[in-house]
Amino acid sequence: MASTTSSQRLETAAAQAPAIELRGINKHFGAVHANKDIDLVVKRGTVHGIVGENGAGKSTLMSILYGFYSADSGEILVDGQRHDITDSRHALALGIGMVHQHFMLVENFSVLENVVLGAEDSPLLGKTLSKAREQMKALARDYGLEVNPDALIEDLSVGQQQRVEILKALYRGAEILILDEPTGVLTPAEADHLFRILKTLRDEGKTIILITHKLREIMAITDEVSVMRQGAMVATMTTSETSPAELAEAMVGRRVLLQVEKGSAKPAEVRLEVKNLVVADDFGIPRVKSVSFSVRAGEIVGIAGVSGNGQSELLEAITGMRNIREGAIFLNGKPLALTGDDAAADARAAGIAHVPEDRHRMGLVTGFQEWENAILGYQDKYGSGPALDIGGAKAAAREHIGKFDIRPPDTELKTANFSGGNQQKIVLAREMERDPDVLVIGQPTRGVDIGAIEFIHNEIIRMRDAGKAVLLVSVELDEVRSLSDRIIVMFDGHIVGEADPATADEGELGLLMAGVTHDGKAATVGTTPDVKTVTERRLMEMNPQQISDKDAEP
Amino acid sequence: DPAIIYDGGGKFDASFNEAAYNGAEMYKKETGAGYGELEISSDAQREQFLRQFAERGYSPIITPGYNFVTALESVAPEFPDTHFVILDAVVDLPNVRSVLFKEHEGSYLAGIMAAMKSESGKIGVVPAFNLDLLEAFACGYKQGAKSVNGDIEVLETYIGSGFDAFNDKPKAVEVAKSQLDQGVDVVYQVAGGAGAGVLQAAADAGKFSIGVDSNQNHLYPGSVLTSMVKRVDVATYNAMMDEKNGNWSGGTIVLGLAEDGVGVAFDENNASIVTDDMKAAVEKARQDIISGAVEVHDYRTDQSCPA
Amino acid sequence: MSARAPLPRWVDIALLPVLNVVLAFLIGGLIVLAVGQNPLQAVGVMVYGAFGYGTGVGYTLYYTTDFIFAGLAVSLAYHAGMFNIGGEGQAYLGGLGVILIALALNGLHWTVMFPLMIVFGALFGAFWAFIPGYLQAKRGSHIVITTILFNFIATSVMSYIITRILKPEGVNSDESAPIEAISRIPRLGEFFSFFGRSPANLSILVAIVALVFCYWLIWHSKFGYAMRALGHNPVAARYAGISGTRMIIITMAICGALAGMVAVNNVGGVQGRLILNFVNGAGFVGIAVAFMGRGHPIGVALSALLFGALYQGGQELAFSMPGITKEMIVTIQAMVILFTGAMGDMLRIPLMRLFDRRATAGTP
Amino acid sequence: MQYYTDLILILDSTVRLAVPLLLACLAGLYSERAGIVDIGLEGKLLGSAFGAATVAAVTGSAWLGLLAGIGVALCFSAVHGLASINLKGNQTISGVALNFLAAGLTTFLGQAWFQRGGMTPQLGNDQRFTPITLPFANELADVPIIGGLYSELISGHNILTYFAFIAVPLTAFVLFSTRFGLRLRAVGENPKALDTAGMSVTRLRYQALIITAILVGIGGTYLSVAQSSGFNNNMSAGRGYIALAALIFAKWRPWPALLVCLLFGFLDALQFRLQGIDFPVIGQVPVQAIQVLPYLLTIILLAGFIGRAVAPKAAGIPYTKER
């Protein structure tokens, strides 16, 4: 399938015509001018990066190219031919595939079903499925895109889900692949794997457009890079001729400190102590296995590890989101009993603030107005008795907005309409402004642009310097290294080592994260299984925590 | 002009309200005069409609059904010059005529016929739901059947538990079938609109059924054994004519077999399945009841049934 | 669609609904026309019947009262992410509470009885909603099924209780003994002759209090905040220290208590006794009222008023224009629900175009 | 032996009671699987029962009646679709409106056309779907055990009943083994996934609504032209709601839907038999206690064994795509 299209392509298109050319694209959302007169040329067989702040219009532009949105004006040329891309079917027919920022997968379908969805070639599924199974094998072999075709999407890690998205595009014969923030949710290992795949694809002659906030990635893999700011295309450069600092400046319009600057820590008394903690996941499988450590006032302890090795469960246990099975948690020397529905409230009352890993799922009610999220978890503090002190809440929200430069500065705007970076700031402001004893932060800068990253990092350090104990979990090894005063490495639910960020080198940490301990013994157990077992899946169906984020307005 | 306010089941409930309607139509045809009518759709409307009619000078105002008692008790005294009629209940006011029917007596006769027709020694009755009025029918029926055959088994199955049951024809079919499956060969329906389903089930199974309220013999000729008719139409017609002819009287009128207010229907549709023995037995029982030699117990007096 | 500016607020919350009602009546008018009646006259009669004279207004308000309670019972649950179809059964059970206390203390002055009836109606209604709430919270039984089933169960249970236990001897009607006049909730007509002998009674004050209370509860209380957080995102609610189990159970109980107020209006006020099936579908109308009012107490009040007017105006129509039956009125109600509720956005796009053109014409 | 025969008869009754529920339930399954909540099943059942009975009475043909029943359901679905797919209105309101519409319109038109208070004329046996005797049913009737089973339980139902039962495996097949089924399920879970794959969400949802209409139309026809002979007011009597409950109980899957509907039918059939029976120890119980049994049992089953039912994720949410 792929070979015929590409040969046709070579015949029809002039050899030097760019794969994609956009001319004068404009797009409005109501009053927002999301794309302003965009011109863009993407050469065939290259990896083309697009960077820009949150809300700069990157996703919008790509959605237009993919036919999901239609532009108000402007033209699109594919292989030098003008096309009026009216819907995604049309884009697919032109060989354009897209991996969206938020995956477009059907969660309770198998991988195979997702891959064939919309590209079935007969009314009965049987033949299509067996054909797709074969083709998936071939793609897996050619590009290292391994996923179990029969696994359910909801049982897969995000990294694997992303592979499914790429498989979907390739299965449809995509020659031009758009990836919107593909590494935002990936672990470093998964990201590396992805880049290997992308390189192979490029070497095959395919064209790749990559949107990311991580300049390191831009430098590592792209051939050219375009910068967007406030809806406009401000520059296109050859990657080898630019630098992260230059890109950052072009994006934000000012100089950005790419390096965290912090003084040395002055650790004081122990604030948070965890002893022999055992925590199980939703299926009753232990994920944290007898973990002990402590965090002192005035220090940042980072937990490094490949995701799925118990960090999430550990965070959730400490913050009362998950029952502990064994062990104890002490705050300022006093034991904390965290069980039941009210555990999260108890933890908070005791002085633990929590910035959860997944802001959409846990940290925010996206259907709420901004001020409502500004007090989420602290609602009982506003007003005495049963009444909610709305004035007080809004005042707090305005204060957060001012201090954290949350944009737009509108306390009554629905939270879903804030960009990811600003949503993250809403959560951070809420948790940091509470003056907690302990701050527990998961993935502080996921999906956030570099301007905001700089700000968030500075805030975390400010907390430390104000004498708070900070526990940090991030899949970004860079982030953990640059922020932490001490690094704990977790593997398979155990703490396998501790490192000093100043002295530890990346290789050593990497080994630790892979389960190779200091004394050179390699751990035998694997990390998380790729696919959950059938029983696990059953349990999942009965899992009471149904996740929904529907608008409750009838 | 006279007026009627139909009860919840609606004007065409194939039974009680419809009978009142037929009476009014009879009056209209005969006199050429019109009449007002309304159907209630909520309980609050009972009083509302009574007042509306009374205020606009309608008389008599006929209310079929005991559910109107409360409304009448409060409205009738406000309009002493208006006449009211209530069917199936007593309202003791000078300007109200209360008409009662001895459904148990008519049902007694139906029970006699059922027992005589039955070969299996099992007959059935299907009320819409567990309501005293319907129990009175069923109880009279049982007594009649027992008077013929002391060993006869009478199955009683309700269609539902609320007013919905009066409409649930499909379920009525199924209830009747379940009785027929158990060996019943005559079933008596006391279920308003849904009752047609009982008749149908019996006809489909080649068994017999008994209709209620109005003459339903024509629905399945040769299968509907008879119908226990309740002359609501006559009561309605009489009330209207009395007013027109200046013969109005208040008080309570009880219509039983003696007054021809209830009875069983014989016509060409059931001629072939009714034997002379049956007719004779029915006639004898009728005489006995009228004379007082036989007394049919009314379930409503003590909420129990001797049979 | 998104390229256009949103509609001005007054158009959104005032003009659009009004146009929708007009549209619904236009379609209803076609039906009236089809049976050879004059639709204009019909509308006139309806409006007059609902608002034209004191007694009519009283009836409108009486129905409105029922629908406010039933509508709130659905709305509140909806904010917490649940669909309460059980208003009908909850109101029915509420009737049991009202009659039990009223008969137990029959003869007590209404000023004492009224609050007692409210409490008992609320308790019994709440109980009937509490069980589905409990089953949802603790056992995961889907609230939609359980509330549907509880409606059916209520029918059976109440039919037994009324006909076999509460019904006094020697009475033909299927109803309980009456509440003495002094203990009944007074009709508005006793204070303002304007309302004539209409059934509107002091329960309407309870309805107004309930509206204000729900408004406060949903938007201005900590409980409402928790409820809405749960309705939007259960995981985030847990994160915020909100107990889903507790919220579901309490919210359902409050809904049931609100539905129980339908019984206060009818049993304690209008009928003065417990009769079979007195709820008469008000619980189901409540669903339409809640959704059309978008779950907001003000919206609920307005749509309850609309439905009250339709009920009362409709009966006036049946009275004055004998060619129009009660079924036609149900049909017209269906049109109103359809056009103002489900198809409420039909005119939005044309209106947007209109306002857009005006806006662009205004700016050179 | 008597017990066995009784059992067969009760099961026979179970089947008849289950069929309308099953058809409505499967109908709901298609629409909800496609992301459209259909609380209007009740109205659709009622409307198509009316349409079917009317046309059967007027033309004398049960088959034309069936077509009309489906036709009415299609009209209702069209309204539902227009409101909830095109206009992105609230699906619940739209369903409630349809229920009102059916209740009002059927009686109104019935009265206008037949002057029998909304009832349609009684249908003769040749205007109805009557029981079909399957081959050898009579011959086998006397064979012990299987004879009764075959001739009573399996044979002797009307064609719509057989259709309803065939619809179950058919639905399972369509849903899980065809391209259409795959897309249908996807559109109810994540319509965006389909949209980005270049397929029309609107089109698919309408297709689902058409199937819904066909099934529920057959269900309505069953009520008025097969099970009973003619329409009367409100004859659906809450079956649409029960079907909705059954659908959730079955967790939106076809085979469990069959089981649940049969269970509801069985409990009802049993309940008829238990009324008025003297039970050992407790003696006579109030008939209402027996009548609530099916509902109570359902609740106990739900709370005790079934657990949480997770609806198709996109159900009830109109799909809006910014353009």
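Quick notes
The chains carry the letters A, B, C and D, assigned in the order they are written, with residues numbered from 1 in each.
The rule is short, and it goes like this: a residue touches a chain if its C-beta (ideal position, glycine included) is under 8 Å from a C-beta of that chain, and two chains touch if they have at least 3 such contacts.
Predicted, not measured: the structure shown is a model, and the values here were computed from it.
For chain pairs B-C and A-C, the one joined by more C-beta pairs in contact is A-C.
Between the CA-based centres of subunit B and subunit C the separation comes to 36 Å, rounded to the whole angstrom. One finds 74 Å separating the Cα centroids of subunit A and subunit B. Subunit A and subunit D have Cα centroids separated by 45 Å.
The multi-chain contact residues of subunit C, meaning those touching 2 or more other chains, are 2-3, 140, 156, 159-160, 164, 291, 325. Within subunit A, residues 29, 542, 544, 546, 548, 550-551, 554 each touch two or more of the remaining chains.
Residue numbers of subunit D whose C-beta contacts span two or more other chains: 90, 92, 107, 111, 118, 238, 286, 288, 291-292, 307-308, 322-323.
Taken together, the chains touch in the following pairs: A-C, A-D, B-C, B-D, C-D. Contact residues of subunit C toward subunit A in the complex are 2-6, 75, 78-81, 140, 216, 220-226, 228-229, 231-246, 290-291, 294-295.
Across the complex, subunit D meets subunit A through its residues 90, 92, 177-183, 185-186, 189-190, 192-199, 307-308, 310, 313, 316-317, 321-323.
Subunit C makes touch with subunit D in their complex at residues 1-3, 35, 83, 85, 135, 139-142, 144-146, 148-150, 152-153, 156-157, 159-160, 164, 284, 287-288, 291-292, 325, 327-335, 337-338, 341-346.
For subunit D in complex with subunit C, the residues that touch the partner chain are 79, 82-84, 87-94, 96-101, 103-105, 107-108, 111-112, 118, 238, 241-242, 244-245, 248-249, 286, 288-289, 291-292, 295-296, 298-299, 302-304, 306-309, 322-323. Those residues of subunit B that touch subunit D in the shared complex are 10-14, 18, 130, 155-158, 160-161, 164-165, 167-175, 177-178, 181-182, 193-194, 196-197, 200, 204, 219.
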